[in-house]
Amino acid sequence: MARKLTFRQAVNEALRQEMRRDPTVILLGEDIAGGKGSPGEQDAWGGDMGITKGLIGEFGERRVIDTPISESAFIGAAVGAATSGLRPVAELMFVDFMGVCFDQIFNQAAKFRYMFGGKAKTPVVIRTQMGAGYRAAAQHSQCLYPLFTHIPGLKCVVPSGAYDCKGLLTQAIRDDDPVIFFEHKLLYDVAEDVPEEQYTIPFGEANVVREGNDVTIVALARMVSFAKTAAETLAKEGIDCEVIDPRTTSPLDLDTILESVRRTGRLVVVDEAHPRCNMAADIAAQVAEQAFGALRAPPRMVTAPHTPVPFSPSLEDLFVPSPEKIATAVREARAYKA
Amino acid sequence: MARKLTFRQAVNEALRQEMRRDPTVILLGEDIAGGKGSPGEQDAWGGDMGITKGLIGEFGERRVIDTPISESAFIGAAVGAATSGLRPVAELMFVDFMGVCFDQIFNQAAKFRYMFGGKAKTPVVIRTQMGAGYRAAAQHSQCLYPLFTHIPGLKCVVPSGAYDCKGLLTQAIRDDDPVIFFEHKLLYDVAEDVPEEQYTIPFGEANVVREGNDVTIVALARMVSFAKTAAETLAKEGIDCEVIDPRTTSPLDLDTILESVRRTGRLVVVDEAHPRCNMAADIAAQVAEQAFGALRAPPRMVTAPHTPVPFSPSLEDLFVPSPEKIATAVREARAYKA
Amino acid sequence: MQINRTELLEAYRKMRTIRVFEERVHEEFATGQMPGFVHLYAGEEASAVGVCLNLSDDDKICSTHRGHGHCIAKGCDVPGMMLELYGRRDGLCGGKGGSMHIADLSKGMMGANAIVGGGPPLACGAALAAKTLGTGKVAVTFTGDGGSNQGTTFESMNFASVLKLPVVFVFENNGYAETTGSSWSVACGDIVNRAPAFAMPGVMVDGHDFFAVHEAASEAIARARAGEGPTLIEVKVDRYFGHHEGDSEKYRAPGEVAKLRAEKDCLKRFRKRVTEAGLLQAGELDAIDRDVGALIDRSVKAALAAPMPTAADLMTDVYISY
Amino acid sequence: MQINRTELLEAYRKMRTIRVFEERVHEEFATGQMPGFVHLYAGEEASAVGVCLNLSDDDKICSTHRGHGHCIAKGCDVPGMMLELYGRRDGLCGGKGGSMHIADLSKGMMGANAIVGGGPPLACGAALAAKTLGTGKVAVTFTGDGGSNQGTTFESMNFASVLKLPVVFVFENNGYAETTGSSWSVACGDIVNRAPAFAMPGVMVDGHDFFAVHEAASEAIARARAGEGPTLIEVKVDRYFGHHEGDSEKYRAPGEVAKLRAEKDCLKRFRKRVTEAGLLQAGELDAIDRDVGALIDRSVKAALAAPMPTAADLMTDVYISY
């Protein structure tokens, strides 16, 4: 049965249901219950965004583990535990904190299986918040999934809504490879129909969010809804957009994108990350290489600028790609004449 | 006066000359002199590849500083010192170690100026070794410059030979922004004519290594010589390649690349980094977006595969893009018919 | 350690400014007009001011996400800070940094830092510069109890000790890291117990007592200036507000803050001590209170009326040249 | 702590195997046919073996770049290791890892690690798994003196102590990190002095004495199994070769290694002690020496003759599914 759930609730439910099903799933992170060693209530926060609230009540301290501020230690511990019989889900509070623990992710978790000749299994999930729009400034607002996507051995999930979130997170926990699960902080309060029962969404299968024949828009995470808004505006102008949400950047469902571009001949990629070496470039380049003959206009990239994320609301609103910018790029692609 | 210098000697000379000229330049790193606190010779190593050998003799312990194995501390110290009147050149022995100190680079050094409203100046250089081919396996062979190129506020230098190395490193030290200077370990023993006197090479100016009219090959660092080899083979087949070495990935001299592609109509980008969100994609996508009308064939990307770097020589040799693979891509680009 | 009248007045003015600034930001935030994550320093004033009174503009400090107090103690422009918190164009950082990145290098304030453990390596760098250039200057890094568990902090202490850097590690232990109790997260109980592991002197001081903090800092800073290397100071303090504005504070004991405010307020203690000892007159302090109140008032009004940055500002200040 | 005859023979066999393996790798490397960075453990045998004799296959260890000794002590297949060092297809890691990434999870050997400080967080994880699953198993992480200064190591100690994890931190202090002296880089002199900072017991042992190591490890492991949390053990050892093969070793005192070999060899000491005490016969040990010599010989010959991985192997083992 489907009910409306926010993205926040979808994460919580996916964790709860999978923890019920599989006793080897544990959670680790800073203040994910909250109140550890403090005089007041336990489960005082449920993480800084309240995502994991209530889980310690059901699963106890043995499985919902608050940690000191020691990301290398606890992310590394999650990785080590994953090679030793658990399926840990660690919370890196903001992906911006990767800089103090990246080694455990990209040199350890990502490479074990290959370095050890196929003999390791590291089923760890790292959940992390990303994205601009919260007025959280340069060190709490980055996307950074391109950095993780670059690394062989990692899988990267960038859900755009509550329904996908639940299915992808359930898949992530059951997956036997290390998964980085990016939660856009501006999506937490957005609700969608979400079935009560468990389900999984396979990685590497894009979702065609809207069908259309004139221009293919590929968008990630929060940008998917912006792309849909743009598509609706454009529909009124007689431009029929296909909107594709890859859902995972690694693996990437390039086939669905290629198939679409072969039909539309036009591509706009929308990526909230900084412009250099990002997913917009990744997708645009692969499409240009593999569907060149089908392209009737230059592939267009709509991204954040090459600047840190500014604090001031007036600047941050300019920083994030907007439905208007997406629409402009689509119009230009559509209007292109060789 | 120019003499033959190896890339290794070029780094050493650039450091030495700039340290003579500017008393605020200091060096920091593990074993960069060597023998600190040990009973034998001081300057025992000059860094693990002998690059900084001899500098402590001339400049003393005050300016050539061995450190404990504490990358966050000493890279961070270099960054902090750069805001406080020094021009530190820190050595991150292998770029693979970024995982234990990335925060100090991407959240601190890179963002100070923006976060502080233009009021900071952080003239720090981080020299680091990169690249495969040394049988150094998964945690000592990565390129990783795409990760740094993604970050606004950093400049990234990827020299391909001794001459450029000296001029670019001198520029890096004089530059007022944070610079990551990538030294490909397989280039250290390669010699070129290098002038004795100091000179600088500006960032963001590509070097057209070979002129040609049929296909544009853009290659980085060690791949430049591979591209030249491929171009020579292809010349015999009547394919006239232009080879462009961007020298810096951030800033990137896109204009020179675009101008070339507008002439040749064909682009092959060679990048030793892993294929996802890398420089090959970055350049191919920008060219596809901005010179679409000029392209007569799909842009091609020749990169390492999406695997960690394997240890076994037989596998590592397959891992690294080869002149043959480059030549094949060029031939395909040349042969492409719409 | 002698503190003269001028210094005492200055200390009181700064502590008072911090307190009123923070209380006011608390109110302003509640109106919904102040953007971002805001972490208030109220209750901890004696720490920042007790330490920074020993420093000149050329000495450096590195701060944390809870940085307003350190800014004010180090002499940053208060109206400029308020503009910054509101994201205004003329803010201390042009509106680009906000509360978590507020900085003024010209005052030796190297920045709040939104990365826990971000400051200690940077402070080592400032200290290294001072040592290399022979300026006799020092660096101080403020870290919380939570931040004391970060690897970057630990290794900076060893690094500083090995290189005998003129740096002081001040740990402001306010009992909590977000919701997490420091008596739990710091395995050895008191942070000061870690000093021997880094071969540096360690002192614990009562952060409600401005004079105790000032004295401990003064000694540590003198050691640093004399080339004798780093010192660890643990300052026991309390925070009067939530971790950040909006925090429900359920992890605290009922009535905890009210009790702290009543019994351990560093400002009240300071006032009592200096007036009872006849060092300053109550009237002088009252005048400062009025001044400060007016300053904060003015600052908020100015900030609310000030212009935002515009599109032209988005792309500037990324590089010096590019 | 009682050690029975079988265990003593096993201990000697393993120490001897490590020694001969390393001496032989040293020779093989010199021929230019062995690729990569190779760091030899010769001289430190009593540490790995003294610790690991207390462990079963289900207990875990994390190692360092200097990992051959830990592998052998933990029961990894010796011919498979030699194949791996030569990058052969049938090596312990299919030739993909090499010396710096050699591992065998089925033996509880979680890997050499080419990142200094890489192991301690992972060992905390193995210990956390043991604790969560209630298996009674433990994890041991080996770290060098140089690695003791890495932030990841420090924070793992606090983390393990806070969570009372069944993990033992073994610091093999061989006096050097590459060329850098440990008495300089470890500000507090002996690493064991750091134990109180992490509220865990600390012991220093003479790493030339197998029995001393074994006893200290046995106690620490028993504590861990009993749920009493982590222990720090500093083992003073010596390395007989350079940091890596090819090292000029100019940072050492002249004659240093010859003296160490003559006076402090853990294998000689072991032999002397067990034969003098009548625990084992010289002949038994000689037989082991012969066995081991033959094993290493065979391993090298087999490795040299074995096939390399091929193109088909390049893209496998990145993911379980993708």
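Annotations for the structure displayed:
Note that the chains take the letters A, B, C and D in the order they are written out, and that residue 1 is the start of every chain.
In this text, a contact is a pair of C-beta atoms (placed from the backbone, for glycine too) under 8 Å apart; a residue touches a chain by one contact, two chains touch by 3 or more.
Please read all numbers here as calculations on a predicted model, not as lab measurements.
With chains reduced to the mean position of their C-alpha atoms, the one farthest from subunit A is D. Subunit C has its Cα centroid 39 Å from the Cα centroid of subunit B. Between subunit C and subunit D the centroid-to-centroid distance comes to 45 Å (mean Cα coordinates, whole Å).
The distance from the centre of subunit B to the centre of subunit D, each centre being the mean of the chain's C-alpha atoms, comes to 35 Å. Among the residues of subunit B, those touching two or more other chains are numbered 68, 70, 72-73, 96-97, 99-100, 103-104, 107, 111, 114-115, 137-139, 152-153, 305-308, 310-311. Taken residue by residue, subunit C touches two or more other chains at 91, 93, 95-97, 101, 113-115, 149-152, 155, 158-159, 162, 184-186, 318, whereas all remaining positions touch fewer. The touch graph of these protein chains is complete, with an edge between every pair of chains. Listing the residues of subunit C that touch subunit A in their complex gives 35-37, 87-89, 91, 93, 95-98, 100-101, 113-117, 146-147, 149-152, 175-186, 248-254, 256, 308-311, 313-315, 318. By the touch criterion stated above, subunit B contacts subunit D in their complex at residues 30-31, 34-42, 44-45, 48, 66, 68-73, 96-97, 99-100, 134-140, 305-308, 310-315, 318-319. Here subunit A touches subunit B in the complex through residues 72, 96-107, 110-111, 114-115, 137-139, 146-147, 149-153, 249-250, 252, 273-274, 276-282, 284-286, 288-290, 292-293, 295, 297-301, 305-308, 310-311, 336, 338, going by the rule given at the top.
On the subunit D side of its complex with subunit A, the touching residues are 60, 62, 91-97, 101, 103-106, 110-111, 113-115, 118, 120-126, 128-130, 132-133, 139, 151-152, 155-156, 158-160, 162-163, 316-322. Contact residues on subunit C toward subunit D in their complex (touch as defined above): 149-155, 157-159, 161-162, 184-189, 193-194, 196-200.
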